[in-house]
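Chain lettering (A, B, C and D) follows the sequence in which the chains are written, and residue indices restart at 1 in each chain.
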Amino acid sequence: MTAQLDSFYPTRVDFGTLDEIHRAAAAALPAEVLDFVEGGAGKEITLRENRAAFDRWRILPAPMSGVGAPSTRTEFLGMPLATPILTAPFGGDALFHAEGHPAVARAAQARGALSVVPEAGSFSYQRVRAAAPEAARIAQVHPFGHAAMVAERAARLGYEALCVTLDCPVGGFRTRNMANRFDPDQRHFAGNLTGADGAPGVAEVFGQLLKRGGMVWDWAELAIAATGFGLPWIAKGVLTPATAERALAIGASALVVSNHGGRQVDPAPASLDMLPAIRAAVGPEVPILLDSGIRTGSDVFLALALGADAVIIGRAAIYGLAAAGQAGVDRVLELLTEELRTLMILAGTPSIAAIDRSRIQRAA
Amino acid sequence: MTAQLDSFYPTRVDFGTLDEIHRAAAAALPAEVLDFVEGGAGKEITLRENRAAFDRWRILPAPMSGVGAPSTRTEFLGMPLATPILTAPFGGDALFHAEGHPAVARAAQARGALSVVPEAGSFSYQRVRAAAPEAARIAQVHPFGHAAMVAERAARLGYEALCVTLDCPVGGFRTRNMANRFDPDQRHFAGNLTGADGAPGVAEVFGQLLKRGGMVWDWAELAIAATGFGLPWIAKGVLTPATAERALAIGASALVVSNHGGRQVDPAPASLDMLPAIRAAVGPEVPILLDSGIRTGSDVFLALALGADAVIIGRAAIYGLAAAGQAGVDRVLELLTEELRTLMILAGTPSIAAIDRSRIQRAA
Amino acid sequence: MTAQLDSFYPTRVDFGTLDEIHRAAAAALPAEVLDFVEGGAGKEITLRENRAAFDRWRILPAPMSGVGAPSTRTEFLGMPLATPILTAPFGGDALFHAEGHPAVARAAQARGALSVVPEAGSFSYQRVRAAAPEAARIAQVHPFGHAAMVAERAARLGYEALCVTLDCPVGGFRTRNMANRFDPDQRHFAGNLTGADGAPGVAEVFGQLLKRGGMVWDWAELAIAATGFGLPWIAKGVLTPATAERALAIGASALVVSNHGGRQVDPAPASLDMLPAIRAAVGPEVPILLDSGIRTGSDVFLALALGADAVIIGRAAIYGLAAAGQAGVDRVLELLTEELRTLMILAGTPSIAAIDRSRIQRAA
Amino acid sequence: MTAQLDSFYPTRVDFGTLDEIHRAAAAALPAEVLDFVEGGAGKEITLRENRAAFDRWRILPAPMSGVGAPSTRTEFLGMPLATPILTAPFGGDALFHAEGHPAVARAAQARGALSVVPEAGSFSYQRVRAAAPEAARIAQVHPFGHAAMVAERAARLGYEALCVTLDCPVGGFRTRNMANRFDPDQRHFAGNLTGADGAPGVAEVFGQLLKRGGMVWDWAELAIAATGFGLPWIAKGVLTPATAERALAIGASALVVSNHGGRQVDPAPASLDMLPAIRAAVGPEVPILLDSGIRTGSDVFLALALGADAVIIGRAAIYGLAAAGQAGVDRVLELLTEELRTLMILAGTPSIAAIDRSRIQRAA
């Protein structure tokens, strides 16, 4: 009888929980690198609020719903997802594990997730895509003057969408990095600026723009550049309805509701707290990703219920990567998905689409 | 004069307080078993909220009420209760104390309480009932395909009601168990699946159903099966008015408002927080038990004031069992009842029926 | 210049702060006696709420008000108060310091405060009154059958008012005492039951009543007895408008809004939280004392602003008594009054009567 | 590329963060002096609330706003500010660093900030002004009978405005000082009462007034004296609309919304919590400074957004002074301004005037 009762009391080999993965990552990383990952801007209010916002909601059980085998399948901009999770385009990935984003993308591919590949990562768009072409379908870029060039190059490499990070014209006031005098080797952020596949001139353009000291395109400039992208583009760093509407007005195909993991404006509102108003403002059709604060399967459930179509994991993916490379990220995706699936059974939601506002309520 | 003043400053032999019993249980149990008992699902938000919900209410003193000797007597589905407390149908009871549910039921019988006897306990329905027939009057069952068979068998053994656990089609995402790689001997959960009194075929049916991976009856199937129960049945795991109404519509005679002690959906609402809306939805006549979070006599008072007819204690009973077997459970019941009685005097409520919404108010 | 600037940065000899007095008391008392003093009933929610309730309010500074020398003088039932503070009728005072309530009353007299002398103290009404007749003007009594006898006796001794404790028909569920198996020598509570000045029969009556197990007079009985008191009487243990109105209807001259320091009903509302509604219910003329939670001069200010005419200190007085006998209580009264006076200057309130609702606002 | 990416991950020499400066100050100061600086009155509720009030607000990111080089320039009463920060007129400055306010003012001058020079500091108005005439333009005075004399003297020394501290007719009930029997050498507070530049008679007048025990001018007296000031004057210690209106009615040119850093009335409301109502009461034209609680650049941003024109830093400046004299204060001003500038880029506010209520929202 033992084996048949196992599903009631799940046990795990390897990493049993996301906390274990976190601890393993913390043990593997130098303290200043861990702080770089874990830290936020200013007083880290937003960092904490990104987590606390999830605790303001409750999921309603729906027993006897007949949902024994829910499906976590969905899609984003036409790209299939076996689980509603994307990995974030975090830079400096080789600081966390030598295999960096290629390992992340391979794990995502194995689990049917997607990876957003960073411009400022340790590996080039080309190398990450080559490692896992079914996952590495979205290239991230900063909206500096070279963005159109980058877009052209990403399209040539087969990427199907661009993710434009709007909220980083200058680095946030990162208290822990300042305390640590953190000064990482910039090569870990230069995967797309050096090496054999770098398009001529990009490094120069990027450097020149940064020298201008935080000057960024305004919306009008972005609109002009966007027309040249040739790919659908996703506006990342949307935290207000006003920003959402502007991004859509100039042609964004999707939004990432995000405060950059609490690393830019502090005290900014939590991503999850702003999600409902943004969804209400743009209507039900615009694809929305929720980024900042996702650590558990219940977080995924709540984000979907409040209007997201899928979520982006940043730190959670980094923890997996630092803990065990591809296998660590794989386990993170597995645990998140498994908890999500358990909740879908218990809440009576057979599909991702069924996870809506009626399934949750505000905390007492 | 000393003896006459004693009632003002009560002192105790043996376990002085429920905290002491808890500490004794914690000392007696292996760490992973304690975690199995204490833990909840996910982030354990619901686990904490089940307790915190009680702190959102205040009891109003009513001095000079003339209530010197209140009665804690009541009844549930026609079964008398000397104190409005039932013990929960927790499985794996031999993990906590070799005497398991028979000891629990004997303690309940001695105190005039009732025991709900589990399907997945360490002892069979027959053995627990034999140990304490005045307490062991309700048999718990999971709504798998074999439920009708189990009901027939329970009725034959003299049980007077069935308690159908609705909210456990699959085990919750129990973080501590996963961290501990908790893998208990399944025989402790198989009291009704093996042994001389097992009806032929039950073990096979149960195993086969579980192999189907969480598939459960839906409401329609449950309705059909319920007609075959031959006993009044109690729907356990009700946390919303909608679930309450469905359960009553297909024939439930009573409800247990419960989130399974925070062990299934996390973050689900606290049981106590949902109780008033459920009571309002079903009206004053439906018997309701409140489960999840009861640890003190004031918790019992508040649950009754908010609409419950009696409460179920799970972890509190386990602590007593682990600490000292039957004597420990006895002391738990005594302490809960004594605090309840003290509060009834001070709040001016002569009877269980007098404990209503007018006796309490929201915390400031 | 040094001396002239001193008032800006006050320094103290002896006990510098109430915290020091508390620490000295904690060091002086056996652990179980300290727990007896500090503890509350049940989960001690009310104990904590009694303190937290003060933090829900803010005092508004009123600079340039011309109030340089405010007066803390007032009166209660015609008895003058140099500071709006009474000491509580706590029993068992010899457990805290050999000199007990006589020392408390002497300190109160020296500071122009009043003492409420307990029935269950270590010293008789006669001895406490003899020690400090200008402070020991109110005798406390429990409303058992002997109350009229006690009242007659107190009047004969010169007491000018009775304080009838309504909320103690049975001791609260005092968790710490139960944990400690606290079993104090009952002689410390028998100052009015033995000895040369005990009226014949009182001890027997009291004992007999207690044997009846918490039976108390109801309001009707109290009304009849009250007519025989021959003294104005104060209803102590009022926590709702309903209780206040009943007490006044049967002849009470004043009220003590109190939850017995969180020692009876837990979780009862905080005394301060209930004060405004009680004041509103009874109108501006009824004298009201606030008891439960006073530890600082700002607490006194807030209680007065919310409708009290004066406050009762229980634990704060015990801390002073335990720390240094009469001198300790004296210092407690001095520190409370000095902080109150400082706040009166800064809030622009020249008199106790000027401290009203307009001087405070709810916390943000 | 390394240098060009630096702005994304700022690193610091010397003190990396304000926390480091705080720790250095704590290490440099005797415990009782640190307590004198850090402590507040009473229970220190106001002290904590002054900080907590900032956490009740969130700043809204405004990506793609084109604000790459915002200006932090503004002015106060016609005096230019390169950053919207003034240093507070704290007394006893030589207790913190031998160079005291002259060092503070030099740091302010170097950063284009202003210093308010205290009457009760360790150095005279003359010496501080001589050290940094572009920063030391405002002299603080207490509204005792000698104020007109002080005003005349300050004007003669070239000061352009007076800051009249309204909220200190008597020292607050400073618990930590009382616990420490803090008795500082009063010469550290007598920079304007002794020495070569002391106007004859001032020390005597001040001493005589203090002997009167907290008697202060009332509004009428202040109005008469104010006419003799010959300088615009700033009312410091305004915490309610009523006080603001009275101060303006008798001729104040500007207000400092302040509760004296939680050192006077406790529990007073937080300065920031009262700012919006005061701004609403006096209209948009009256210059308002916010004092009490500023520790970070985000605090400055929020204070401006809620109605302040600039802020005053007290403890933050003392930490810098104690940590490293002028260099420490310089670094404090640099860090505050740098974080403010970063937030202005990210929130899309090109100027101080652009930081308004529309840029923030209440916390969830």
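In this text, a residue touches a chain if its C-beta (ideal position, glycine included) is under 8 Å from a C-beta of that chain, and two chains touch if they have at least 3 such contacts.
No experiment lies behind these values; they were computed from the predicted model shown.
Considering every other chain in turn, none proves to be in contact with both chain B and chain C. Both chain A and chain D derive from one sequence, and where they touch, under half of the residue numbers involved are common to the two copies. With centres set at the average Cα position, the gap from chain B to chain D is 60 Å. Centres computed as Cα averages put chain A at a distance of 42 Å from chain B.
Within chain C, no positions touching two or more other chains are listed.
The part of chain D that touches chain A in the complex is made up of residues 1-2, 4-5, 7-13, 16-17, 19-20, 54-55, 57-66, 68-69, 296-298, 338-339, 342-343, 345-347, 361, 363-364. Across the complex, chain B meets chain A through its residues 42-43, 45-46, 49, 53, 56, 120, 143, 166-175, 177-187, 189-190, 193-194, 203, 206-207, 210-219, 222, 237-240, 242-243, 246, 259, 264-270, 273.
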